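Common to both upcoming complexes is subunit A, partnered first by subunit B, then by subunit C.
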Partner chain A sequence: MAIKRGRGVAAINYPTGMNLGGDPTQALVHSTPTGNFMVTLSSVDLGQGMKQIMAQICAETIGVPTDRVVVDTADTDTGPHCMGTFASRGTHRAGNAVIQAAKEARQVMLEVAAEELEVNASDLETDGLGNILVKGAPQKAISIFDVALSAHFKRGRSISGRGMFLIPRSYPEKETGAMKPSTCYAHACTVAEVEVDDETGEVTVLTVKNVFEIGRALNPKMVEQQLVGGSWMGISHALYETTEPYYPNRDHGGTDFNQYLMPGPGDLAETEIIVLERPSADGPYGAKGPGEMCANPQIPAVANAVFDAVGVRIDTLPITPERILRALRAQAAT
Partner chain B sequence: MAKVPVQFTLNGSETAEFIDSGSTLLHALRDKIGDTSPKGGCHQGTCGACSVIIDGELRLSCLTLAENCNGTAITTTSGLSEGGVLHPLQRAFLDAFASQCGFCTPGMIMAAKVLLDHTPNPSRDEVVQALSGNICRCTGYEPIIQAVLLAARANSQNAA
Partner chain C sequence: MELRKNYFADVRKDDLHEIGQDRPRSDSPGHVTGKTSFFADRNFPGMLHLKMVRSPHHHARIRSIDTSEAEKHPGVARVLTAKDVPHNVYTILILIQVGPEDETVLADGKVRFKGEAVVAVLADTERAAQEAAAKVKVDYEVLPAVFDMEEALKPGAPLVNEYHGQNYYLYDSGECRKVRFGDVEAGFAEADHILEQSYQSSPIEHAPTETTGCVVAPAGNDRFTCYTNTQAMFFTLDNTSIILQMPGSKLHFVGGTVGGGFGGKVDVIVEPIAILGAKLTGRPVSFIYSREEEMQISSPRAAEKVVIKDGVMKDGRIVARKVTGYTDAGAYSRHSPYGAQKGAGHYPGPYTIPNVWIDTYCVYTNRTPSSAMRGFGVTIGDFALEVQMDKLARLIGMDPLEFRFINAYRDGDMKAHRQPTEGAALIECMQEASRAADWPVAEKYMAMSSYAKGA
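Moving on, here comes the complex of A and B:
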């Protein structure tokens, strides 16, 4: 009986969004009388940072500072249609819709500015600070504040735009079964090092080294935050969490936090996160969906590390001491 | 059910309310007094989201009877900022990206405040120990641990 060490590796590619009868998200953008911009969505911010990212995308597209954008989310009574924030689809789908809506709003904004400055709208550019300038003659300029006032009170224009992003449903080809379930894939690879006590079946995760390829990180600190939490969650799924420990039998399922176990702050593995940015062709400013996939590769990596340590393949989650001991016993019997 | 009066100091202000006898401090704070910073996660003392500070001690408000708090001084996360300036722990949680959905954050900050009140320069192990009664779903804990250590460093620099 001994504590044995093992190392496992796993790599995944993960589709952004889903393909059940088409995958749409819509967005509306409009300016207030003072030149702030409002993004209306039905998408939900449940802590992943949807509001921040959509504000950045809208601001970048219109050409204003991010703090000039207000994002209103998650009211299906009043917002434009969104399938929801799941399947790592929020940034990609809603982001594309916001870009389209913001482009339309920007065009109206430039048209109003052109009338005020008595120039052609195609000769105008934004400085990103809240002003519209004539290209090559920046002394001829107008603030977006004044443009919005003009649109509202003088020109009778609505500085607004509609955005729609749809991944159409893909049907399998009859002959081959081939289909295109997704247009955009994120990738990840994890190397996990574990110690397995072959007497108790206990697994201790020593290190988790993750590389994530997530397109362009639109907000690098928030991406890192999500990946760190996701890596921990992957370990938690691999070793601890389940509502049905004897699936499909539902007996002995945890009903509270005494029984439904997760690693606490004292159980953290040494964790490394590396982000690779390879902008996607159809993502908003190159983004992909890092959400769910960041908690995936740790699971097979831990299973492989357990195999490397004690030579048993656990193919049911979570990898509990009980399952390891049963597998070791079966292995010894053969 | 008979109503009973409770009276305590909440975040420095004298507070009085009539509550149903037997109701928890969490219920009194959130549903009667309107301080929703303590969160009701498990209502059985296992998640820590409802943590508050009573007379300097960390307490689970979901397991504390409101009527037992007469005459005490209670601190919640909503009482930490002063004059619109965030408490160093709140600042550190922002700077260290220690919050995602935010549900555990008030309880984490309460646990961390009691730690730093008693141990201004804690080791990492002491921070881990202090947070071990609080559950977080999103962050993987590491950013929260780093935030508490960051707040401790900021405090010691201000004191120096």
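Moving on, here comes the complex of A and C:
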């Protein structure tokens, strides 16, 4: 009886957005009298930080600092339609809608600034700090604060914009299955290292090294929180979780966190995250949806590592000590 | 976390001001100091609490329901049964023309899984609602149940859901979603080795910190404000409008920060019945799942069975792959026909294989309906595919990572569902993993690129 070590690898891809498309999201953007910007949506922030990302996307597009943008969302009386926050679609779909709305608002803002500066709007640029400058002559400038005041009280203009993003729905061909499931895919490769106690069947995940390709990390710290959380969830799916431990037998389902097993802090592996960025053609600033795929590759990587350690294949999830011991016994009997 | 900017630097401009910056989340101080408000923080004078009477049986006919004792229980304001629900038989994907309507808000004549909602009790306190719910008498005739997908698909199996008429979802393509590419049998015939393996998963709970729920307040003008943690505001509003036969203009949905979704809050389960209760009593209503309901009643990730048959050459090329996927939808469709179909679009994984055959089935059984969860339609398929890849590599005596390089898709490669590959990055992820994990592969694999061959 011994503790045996093994490692396994898995590589995956994942579609961004609702499968086969047909899932619209809209956004509205307007400025306040003093040049702050409101993004209005009906998308839902699930705790992943969607509001923050939408603020950064709007700020980048208009050319102001992120703290000048406020996001109002998840109210059906004020926000235009969004299909919902699921299918790794929030950043991709709503982000594109926000860009379109922000571009329209930016154009009005530049037109008002052009009138104030008596130049052509096409000769203006933003400095990202809250000012509009004449290209090549930055001493000729106006603050966005003053532009917004002018628009509201002098020129009677609404600095606002409408945005909509829709991937047209694809219908699978009946006989061949020809279809367009998604327009962009995120990628990952995970290497997991485990120890398996062949006396108790217990698995300890020592390390997981995850490489994720996500198009563009719009906010690297927030990407990290999502990717690390996903990686933990993958380990949890591989080794612990189910509502029906003896599926398809319907009995013995957990009803609270004492019975429904998940790893505690001490069970979590040393986790390494590496991010690659190949911008997608239709993503907001190249972003793809990282939300779901980051929890997938750890499951087969752990399963393959268990085999590498003790030489038995557990092809049924979760990979419990009971299943490992039964497999080891069956192996010893042959 | 490390950002490896050396990959794809030629196709990426890093000239942005706000994007790519570690801006602190504007909502995190509220989260960590307990200031962020969630739907359940709403409390209204005179608010009622809703509790469900649930089926103790996996499959049963309802002979009769007697609510008289429950109605007399102190604090009870109203008891609701199927006849109170204007459009009781519904299905949520009807909004994108995926029918038939196959589920009841409150059971009518039959229950099809253990825990199914039968009667709703509204009372002044949670305790009164719970006590009254225990006094509802339901007379059941227990029917044979089926839990195993293979059993469910056999002729003569108990019929789970009459609205479908058979124990699988009928796509326009027939009993399953199909993908046919190349000639899979010819591929098997030329292969050096054939490996057919079967993989299985069990249902998995989303386990959000915050359980599913909503608080509904009549606005006093025939409108109802529903504070909810749904993941999809208008999707829920529009389905509620259908179920309650109430114009959407009468409904106001307010979300906010949700305490974890993971796909578990897209089913439109609590809002319609809570709004109906508010409408019929004129009082605010709170309906919040207990942890037990969240774990055993709300939709889990589906159990799946995936059978993969591969033909592989000694040099590492996979020449044929046949995948048969079964998604256990439980008693009702919810999002499962979509999930099973998504699997068909995902297989054979991120590999270029000339001959592919895919069938994905959505199967009905007498268990808690499954639905969306993070990685919907893909997570379990990836487990099966990537364990299969490991087995194939060992079968032909090849390093598992190198074996994947040989088969990895690249830009321009035609996928089985007949879309050319664009924006591939699998090879680069594997190259970086090789370095990071100190898992060396031959130099020719480190020199590969996802860009189109010859580009």
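Keep in mind that, in the parts below, the second predicted complex is superposed on the first by the 320 of 334 C-alpha atoms of A that agree within 3 Å, B and C clash if a C-alpha of one lies under 4 Å from a C-alpha of the other, contacts with A are read in each partner's own complex, and residues count from 1 in each chain.
Basically, a residue touches a chain if its C-beta (ideal position, glycine included) is under 8 Å from a C-beta of that chain, and two chains touch if they have at least 3 such contacts.
Not measured: the values here are computed from a predicted model.
S.K.: Between subunit B (first) and subunit C (second), which, if any, makes contact with A:96: first, second, both or neither?
M.R.: neither
S.K.: Does subunit B (first) or subunit C (second) touch A:275, or do both, or does neither?
M.R.: In the superposition, A:275 touches subunit C alone.
S.K.: For A:224, using the defined touch cut-off, is the partner it touches subunit B, subunit C, both, or neither? Pick first, second, both or neither.
M.R.: In the superposition, A:224 contacts both subunit B and subunit C.
S.K.: Output check: A:46 vs subunit B and subunit C. Expected answer is one of first, second, both, neither. What do you get?
M.R.: Touch status of A:46: both partners.
S.K.: Is A:25 in contact with subunit B, with subunit C, with both, or with neither (first, second, both, neither)?
M.R.: Once the two structures are laid over each other on A, A:25 reaches no partner at all.
S.K.: More residues of subunit A are touched by which chain, subunit B or subunit C?
M.R.: Of subunit B and subunit C, more residues of subunit A lie in contact with C.
S.K.: Which partner does A:258 reach: the first (subunit B), the second (subunit C), both, or neither?
M.R.: Once the two structures are laid over each other on A, A:258 reaches subunit B alone.
S.K.: Under the stated touch criterion, which partner chain does A:131 make contact with: subunit B (first), subunit C (second), both, or neither?
M.R.: A:131: touches no partner chain.
S.K.: For A:233, is the partner it touches subunit B (first), subunit C (second), both, or none of the two (neither)?
M.R.: So A:233 meets both subunit B and subunit C here.
S.K.: Regarding the shared-chain residue A:266, is it in contact with subunit B (first), subunit C (second), both, or neither?
M.R.: Touch partner of A:266: subunit B, not subunit C.
S.K.: List the residues of subunit A that touch subunit B in one complex and subunit C in the other.
M.R.: 46-47, 49, 221-222, 224, 228, 230, 233, 256-257, 262
S.K.: Across the complex, what residues on subunit B touch subunit A?
M.R.: Per the stated touch rule, the residues are 42, 44, 46-47, 97, 99-102, 127-129, 131-132, 135, 137-145.
S.K.: Under the touch definition given earlier, write down the residues of subunit A that touch subunit B in their complex.
M.R.: Listed in rising order, the residues are 46-49, 221-222, 224-226, 228-233, 256-258, 262, 264-266, 268, 271.
S.K.: What part of subunit C is in contact with subunit A in the complex they form?
M.R.: Its residues touching subunit A are 1-5, 7-8, 11-12, 16-27, 31, 58, 96, 114, 147-149, 172-174, 177-181, 197-205, 207, 230-235, 237, 251-263, 266, 291-292, 295-296, 300, 303, 328, 338, 341-342, 344-346, 349-350, 358, 365, 367-368, 372, 374-380, 382-387, 389-391, 400-401, 404, 408-409, 416-419, 422-426, 428-430, 432-433, 436-437, 439, 450.
S.K.: What residues of subunit A sit close enough to touch subunit C in their complex?
M.R.: The contact residues of subunit A facing subunit C are 7-15, 19-20, 22, 42-47, 49, 51-52, 55-57, 59-60, 63, 65-67, 73-77, 79, 81-87, 128, 169, 172, 174-182, 184-185, 187-191, 209, 211-213, 215-224, 227-228, 230, 233, 237, 241-245, 247-250, 253-257, 260, 262, 272-281, 285-286, 291-293, 295-297, 299-301, 303-304, 307, 313, 315-318.
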